[in-house]
Amino acid sequence: METSRKLIRKQSLEKLYNQLSATRKVYAPVIADDKQVEFKYNPGFAEVTFEHIRSTLSVKNIAFPKVENLFLYSNGKTESTITDIDLNKIPEVVLWGSHPCDNAAFDALRSIFEWDIKDEFFSKRMEKLVVIGLSCHLSDAYCFCTSVGLAPNSSKGSDILLSPLHNGDYQADILTEKGASIVNSFSELFESTSGEEVVLTTVKQKFDHEKVTSKLNGAFEHPFWVENSLRCIGCGACAYVCPTCACFDIQDETRGKNGKRYRSWDSCGFSMFTLHTSGHNPRNVQSARWRQRIMHKFSYMPDRNQSLGCVGCGRCSSGCPVDMNIAEQLEALQNI
Amino acid sequence: MSENIYKPYLMEIEQIVEETPDVRTFRLKFKNTAEAEKFSFKAGQFGEYSVLGEGESTFCVASPPTRNGYIECTFRKAGRVTKGLANLEVGDTVGFRGPYGNTFPIEEWEGKNLLYIAGGIALPPMRCVIWNTIDLREKYKDITIVYGARSVSDLVYKHELKDWAERPDIKLITTVDPGGQTPDWKGEVGFVPMVLEKAAPSSENAIAILCGPPVMIKFTMPVLKKLGFLDKDIYTTLENRMKCGFGKCGRCNVGKVFVCKDGPVFSYEQILALPEEY
Amino acid sequence: MARIGVFVCHCGENISATVDCGKVAETIGKLKHVAYSTDYKYMCSDPGQTIIKDAIKEHNLTGVVVSACSPRMHEPTFRKACAEGGLNPFLCEMANLREHCSWVHEKNDLTTEKAIDIVRSQVEKVKLNSALQPIKVPVTRTALVIGGGIAGIQSALDIANCGHKVVMVERSPSIGGHMSQLSETFPTLDCSQCILTPRMVEVAQHPNITLYTYAEIESVEGFIGNFKVKIRKKAKSLDEKICTGCGLCTTKCPQKKIPNEFEQGMGMRPAIYIPFPQAVPNRPVIDREHCTYYIKGKCKVCEIVCPTKAIRFDQPDEILELEIGAIVVSTGFDIKHADFFPEYGYGKYKDIIDGLQFERLASASGPTTGAILRPSDGQVPKNIVFIACAGSRDPAKGIAYCSKICCMYTAKHAMLYKHKVHEGKAHVFYMDIRSGGKNYDEFVRRAIEEDHVNYIRGRVSTIYERDGKLIVKGVDTLLGAQPVEIVADMVVLATAGIASSGAEELAQKLHVSYDSHKFFAEAHPKLKPVETNTAGIFLAGACQNPKDIPDTVSQASGAAVKVAALFSQSELTREPLVAAVNRSGPPMYSTCVGCFLCQSVCPYQAIEREDFKTRDGKIIKTVAKINEGLCQGCGTCVALCRSKSIDLQGYSNNQVYAEVVALLNEY
Amino acid sequence: MSDFEPKVVAFVCNWCTYAGADLTGTSRIKYASNVKIIRFPCTGRIDFMLLLKAFANGADGIIVSGCHPNDCHYTSGNFHAKRRWIMFKELMDFMGVDMNRITFSWVSAAEGAKWADVVNTTVTRLREMGPYVSYRDLVNKSVEEEVKNE
Amino acid sequence: MNNLIARAKELLENKIVQVIVGYEAGPTGVARPAFITNPAKADLLIYDERCVQNLAVYLTKPEVRNLGKMAIVATLPVMRSIMMLISEQQIFADNIIVLGVSSDGSLLDIADIKVMQAYIEKSDLGNPVKDRALLVELNKLSKEERFAYWQKELSKCIKCYACRQACPLCYCTRCTVEVNQPQWIPVQSNTHGNMEWHILRAMHLAGRCISCGECGRACPVGIPCHLLTMQLADEVHNYFKVYAGTSEKMSSVLSTFEPNDKESFII
């Protein structure tokens, strides 16, 4: 569809939020007691932050929850029955105020979940999701969206993208049908653009991702991996805060006769991730696991899923207990 | 309602064969006949077998697509799921998702000699293709099967080995490791590579299919090369750990290659191109 | 495959009076994997057991739950029945519906529901049971007896007479122990040496007994049936094979001023010496600590005088390595040295002696050839005071226990004194008279009534010298704590019996536990008084706590029977309910990470180290390994293991977890 | 709460408390039927995780019991257990888990009457305390957490 | 710091060690673990108040061990971790050189394990001051409030196990959470399962925690999970009068006992 651009005044924005949150689930960022930025369902508008650089966790759980039931089962003496999850019950959710990197991540996730066989759990959640993104007027040393083909105001993945204007109002880019339908339902709140400048942060480009991708071909055996992963302690923090990491585990949990099969987030950084029952482990050292993480995002995914597996949000690096800085490593990688 | 790709077919255990003290073969029948009719698979493909409450485990379909109405799987009691499977009885329910993965290119092999080499519990993933080609016997020339196990009691499919041995159109060589033989053992005694070298099947117009523990593969490959087999004419299967079976969960890849999608069947030529991550 | 059979017993009406057994069987029968479920009046009766055996065959059962009485009652019965039915006995579990349910609750639905819950949890457990085989451990049928006192002698002879080999190790130059020092023994007053020395000789001559005197335990490794013991044979400095024991050397030795240990310091001995005339073996040793040659580098008188040229000054200590199947520890006791009692002036006053010194005085072979003469001037004491409980039962002195033998030997001492010094006066200060034992109290009464020993119930507060006499001040509590003062010529302290010196080191070498007084600890104070916590190591005599000769000999024979029972078969069979550390293929080998915290919780030293090495011998990983011969199956290591690498057969993590879940959830 | 019957799981050692409970039975001393016993060889074998699992599976209370100090069949298992329970109790207290719901006791094989008493006092206390709602809520809420997007 | 660099250079140049485990400054200015194998790169080493990670975690990491003999920049918690690791037989005292640094950043002369022990013994071994204050606050709350507090905190846990991986004493190659027979800890993250995990972790560190606080610091979602182990470290001291990691021969309190251990809750 043809995209369009409107203006929404600060007061109207509040009205829009309130009206949306009165009728549906709105997932918006707030600053929690412990100063961490987290997304919450339907917080009051006053609570919603427009001043955050990044939330601690990404918003991927809206489409790929950390735990998701795949089906329920019941075991009788010999008979077993399976009950499907009613995906139609998945509610419509408005994701509010998420930044362009996080919104672009939905495309990366889609490239995995809808590649080859379509994962209905993901697709259904995406179908019910409307993203009202917010361009970034703040950034920090961990941000590197510009290195992965994005920008503080990338519209990728957003249905509507709000960008702050100097006077405190917002420019609204209406990017999809879903976005348009929201704007249409609240058309009284939107005005024509005024020509006011948007306030955007600048994020310095640290590396050229295409160059990285091409370097990674044939870099499998490079000593780089061992040298640069010595510090890595093998936790799953980077994968769990990452907006595009999609690895998961499938488990059963039974109580009495009944139980559920669910999937939950997993991380390729864990030492047991690829362990065979025999005791053999194809990725038996941390360097192999670190390599997998970078390779997957910058080589395998572009190759197979036609999507980069990174949106430059910087969470993995800011959240890493030992400062495994991915941008730094990618910068180094493009020059090996 | 759209398709839930994680939902298994419910299968009923129709028959159980105790192959060895800890290896069993299940014959599974679809509970839902509509599902049975829709279902088809090819030699080499695998599936996710589940015990509801214990989880899923990945094995190849061990029966050939030429036998309709059921699938078979053979597993060794090792982890939580296989222990759960081992607790089941005829009539109990097993979940099955699949088929997944690629297949043995048996159409390409038509008109060729086939040499199957398997060790221990690696015969099951090969049994499907063996039977498949035997069932289409006239399309292939000589079929030779070399199968070794640690001891006589570790040999699986004992009754089928007997059938194969009796068939004039199949050459079967069975062997057990030194010390693993029983007094009435009539097969060879020795490790698979040595037995293979002794038998020295011709590589002329031949395909070799090789499955077994890493140490067996390691010592059998040079023998095959010596016999003149080309890398592209040797096939094997990889069995990396996987959860989903269709390229999403992120476990099974060897470099760029997804074992669940691009495998499990690989030619040795392909294997050589892979990074060492299997 | 899991095909479980459940057998609900009515126990007559013991269970069925409050539990609806039919309903239990029916409800349980609906559970997954339960192939057969029934109830019957008496499961333990022959017909009841037949039901189980038949069902095992008919339904091809893989597990059995007998829901009846306490497993502490009938578990062996039903395990045996299962075995007879063709099922591994360890695939049988019991649900305790009687002691833990029907007998303690009223008849109502809740009671039946509880019964169902109990049975269900056992069904879930038994599904996870493994078919276990008894553990077989080979047994080396040679016993080691450490200590050659009466305890060791008795044990060694009893074991040897059962036809088994015995190695006896004694650290002093002769066997015999404290008993050989005694004069006469209570309550019969027969001569100690007369009854002991024949036994000593028998030990020396017994074809099944190898005796090493002047030897000590260097190290002990291994486990029941399979100990590897290193013995240090200290150099005697002579060739025992050549020495005839003529004793010439001992008479010619110029160094003669060494306090004689056998005489409790009341006599002197030379540097080359035979401890006492009846010593076994009757060969001298050179005490290198006091020998002039070893101190000054010259002398060699003994070498010169020796008619057979048996002296070997350069003889080294010898280390022997022996394979041993069982060990009897009989290292005996010491007595608390009397300098422990400064208030009694021991050491200051020569005429205050301890009980063992009195034994030597009274002994016909002693320094005074049996005459009671006071050490200071050799005079016969006219007034003698015996003080019982010198140190014993005195928590303030750190010895809270009763030394058990003192009451009796004090009475004996008083009697012996009276028999030798008819006109003398004997006084005994005591706290209580403990004379339990056959003819013991009669013996004490005799001392009081026939020999007129003056028993004073009370403690002595102080002893001091006045005009060459010992003034003993105490109280008589029977006279209302009236002060008593006795002017004595001699005082004998019945000092506390304490652990033998070196007991702690030996216990550590043996990996046997010991109490705070360094006495060896028995495995169970009532039911395993002879065993230690380390399987295959037994206790005899006063190394466990002070005890008299009859008790010592009884226990020694008890220990011998334990050894003989162990040696009755070439293999030891043990219940396989033991712990195991998991194993897997390389490169992991085991999930055990080798922190060995389990080692410190194991009461049985059953946790060993196992190294996995590369072909060239480099250690890749060291992990814990359970010695099945030693593990008793307490499972403390299992609960401690952080990586869950240890599990316990019969009470595995999987099993107990399933029990908890099944008790609380309906299926 | 009057008709509330708490679910109680007892973790006991084989040699003392299990035998003691047998004696309660042979002595025909009645006690509340709420308690179900799980037998362990020794208190040293009892993993603290099992206690958590009992609460997770709906127990309202727990009894842990073994041999008196110095009476352990294995000499020291109960001493190790004691230290473990000291730590466990302090941690649970710190996390706000209600330790009044767990009774720790030493009951010997001769103390049949004490066992009945331990059970009855525990059950009476738990009846007064009511079901362990806060823990059950925690468990149930956790089950719902994963579907909160629905 | 200059002393540290000089010493590091000397050790590497003289091939006494093959690697220095220390700190360097990352591109965003935070300090982070560094592995210096080349004496020329020793200048990268820093030591200041930013250097907070407990480096002892690398002593058991296979790929770091493969580098050869190491020297490690060691603050008090690192030294105590080293003591624990030696006592639990994970490392050998002979294989490491301790470059002790005092709280003011000066290089200590830790010649051997005895010197280190003496240094540890004269140090304040209680929990860090700021955590003590937090513990006091929490202990003031009612039971119900504490239950609510931990529920709220632990609901944030995503089971990334950074707390475990950052802890030098969580060196197991297979953690209990990776055991699935039985499944002690649910794989998924939910408040109850998360709580079970944190109880398990704290219990496994009871008597072993050396109060470095690394678990809480590593947590990407800010759960103060170090307070759990620190509370137990306090209790261990209250009950048993010991601090973990003060001697190479020490056995943890849960693997030892005294017959007269006092408690007041067992009837």
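Chains: A, B, C, D and E, in written order; residue numbering restarts at 1 for each.
Operating definition for what follows: a residue touches a chain if its C-beta (ideal position, glycine included) is under 8 Å from a C-beta of that chain, and two chains touch if they have at least 3 such contacts.
Bear in mind the structure is a predicted one, so any value in this text is a computation, not a measurement.
Counting steps between touching chains, the shortest path from chain A to chain E takes 1. Each chain gets a centre from the mean of its Cα atoms; the one farthest from the centre of chain E is B. The most distant chain from chain A is C, comparing centres defined as mean Cα coordinates. In terms of C-beta pairs in contact, C-D outnumbers the other of B-E and C-D. Averaged C-alpha coordinates put the centre of chain C at 43 Å from the centre of chain E.
Averaging C-alpha coordinates per chain places the centre of chain B 60 Å away from that of chain C. Note: centroid distance chain A to chain C, computed from Cα atoms, is 69 Å.
Centre to centre, using the average C-alpha position, chain D and chain E are separated by 33 Å.
Shown for chain B are the residues in touch with two or more other chains, namely 55, 79, 89. Multi-chain contact residues of chain E (touching two or more other chains): 173-174, 176, 181, 184, 188, 190, 254-256.
Those residues of chain D in touch with two or more other chains are numbered 48, 57, 76, 80, 84, 145-146. Across the complex, chain E meets chain A through its residues 26-35, 53, 57-58, 61-64, 67, 158-162, 164-166, 173-174, 178, 183, 186-190, 214, 217-218, 220-222.
By the touch criterion stated above, chain E contacts chain B in their complex at residues 180-181. Across the complex, chain B is touched by residues 1-3, 33, 127 of chain C. By the touch rule above, chain E contacts chain C in their complex via residues 88-90, 171-176, 179, 181-182, 184, 204, 251-252, 254-256. Note for the complex: chain B touches chain C at residues 16, 86-89.
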